[in-house]
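A, B, C and D label the chains in the order they appear, each numbered from 1.
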Amino acid sequence: MISEHKLNLSLKDIPQFTKNLVGELKPLDINKDILFDIRLVIEEALANAIKHGNKMDLTKNVFLKINASSKRIDIEIKDQGKGFDYKKLPLPTEKENLHKYSGRGVFLIRKLMTQVKFFDNGARIKMTKLLKK
Amino acid sequence: MISEHKLNLSLKDIPQFTKNLVGELKPLDINKDILFDIRLVIEEALANAIKHGNKMDLTKNVFLKINASSKRIDIEIKDQGKGFDYKKLPLPTEKENLHKYSGRGVFLIRKLMTQVKFFDNGARIKMTKLLKK
Amino acid sequence: MKIAQENKNDVVICKIDGEINISTSPELRKFFDNLVQNKTKKIILDFTSLSYIDSSGLATLIELLQRIKKIDGKFYICNMSDKIKNIFEITKLHKLFEVFENQELALNKF
Amino acid sequence: MKIAQENKNDVVICKIDGEINISTSPELRKFFDNLVQNKTKKIILDFTSLSYIDSSGLATLIELLQRIKKIDGKFYICNMSDKIKNIFEITKLHKLFEVFENQELALNKF
């Protein structure tokens, strides 16, 4: 199943949207813990795209592609912002960061997906999860 | 919100899929009776595409596009079949057809949408619902 | 879909919770078959909690109507939401089925 | 999200049903604020029915932890599903929070 989306969601709409989006994958019979991870990484990447990329400007869009089979799930999310220095993010698991309210999104994405790559200076993220059957 | 989908669903997966698909429109704050109609017409068109168009061949795909705003919803569904004579469908509301198990899909689509057009001999349907706010 | 069965004298009331669609229809058909096999001749389908129906669900209801007629039984529908009623009216199926505003009116009709 | 509150002596147990995410976090925060304002110093969050949490949900929990510490209180978490536990472990937040297998173990710790 492949789907492409042009979105202008506000932050509070994200959970409902991702819940339905991941719900569409149910016919593929993917383990529910994996669907949890997939939903979480989409949510984190969408929140970043809306908040940091598009800076909450709802006239800007976020573009989302999913290509899912029972073997792998590929996701691409792109915003209309300037990107960021994705190689220089502080580790949220360091003692001095453990109490912080933010800084876990990209880290979770990297941990939960098999492969993560940034493009366009960071304004476009491509991530893949390989599924063992 | 715009989304495009390349699908290979089996018939029994349709209701769950359309429920999630229409769920994605919730941020647009569209009246729930209208979302009922939108879900129904997508379901009927998808069922036709899978059953009559692709003849249940799951190596074939169905392509679905939705463009939704608070003003109008445009839907396009395309299968990989030969189409059909969409101008010559019996009316399901005629007395002799009222007891029949089938033949209500296209009729419901025409009744519930503002505009319905067929292309590619019937293998592609475009439908629009205009929303009053 | 969930079906809650309640018996009032010789009438069986089936409260349908959820959707009658292409994937839930077999369940409803099976439930109904059991009733008919047990010679139940008076059935009410209560649609209070029916949230959705598609054309394959409508087809299933027509099928049920024909089965109950074969054993000289009757089934009534009650408590349709406005939206479901609208679908029945568009397809003119409100003429095929006997539809009542509420359970009491349906019960009194038997 | 639904929160069911149960009091056992001076401990308040909050059973969270649903998701802690960017749109439900304010609700949890408000609920917690009320408890703290009423000088509740012993709180257990029961995660039995927690189906989902995202990074903004994690942030909310960290916030709550800091609030309860300010009034010299404590809050424990119990009954995490394996998946939620996995998210806490990846982010190492299981080191920040006091997490227990079940309510009893958490209750005994106060």
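Rule of thumb we're sticking to: a contact is a pair of C-beta atoms (placed from the backbone, for glycine too) under 8 Å apart; a residue touches a chain by one contact, two chains touch by 3 or more.
These numbers come from a predicted model, not from an experiment.
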Hop distance check: chain C to chain D, minimum number of steps through touching chains?
3
Under the touch definition above, the chains in contact with both chain B and chain D are A
At what distance in angstrom does the C-alpha mean of chain B lie from that of chain A?
30
Hey, how far is the Cα centre of chain A from the one of chain D, in Å?
25
Centroid of chain A to centroid of chain C, CA atoms only: how many Å?
44
Got the chain C residues that touch at least 2 other chains?
none
Could you list the positions in chain A whose residues touch two or more of the other chains?
13, 16
If you go through all the chains, which pairs of them touch?
A-B, A-D, B-C
The residues of chain A that touch chain B in their complex are 1-10, 13, 16-17, 19-21, 23-24, 26-27
Applying the document's contact rule, which stretches of chain B touch chain C when the two form their complex?
11-16, 19, 33, 36, 39-40, 43-44, 47, 92-93, 98-102, 104-105, 107-108, 111-112
The chain C residues in contact with chain B across the complex are 19, 21-24, 52, 54-56, 58-59, 62-63, 66, 82-83, 86-87, 90-93, 95-96
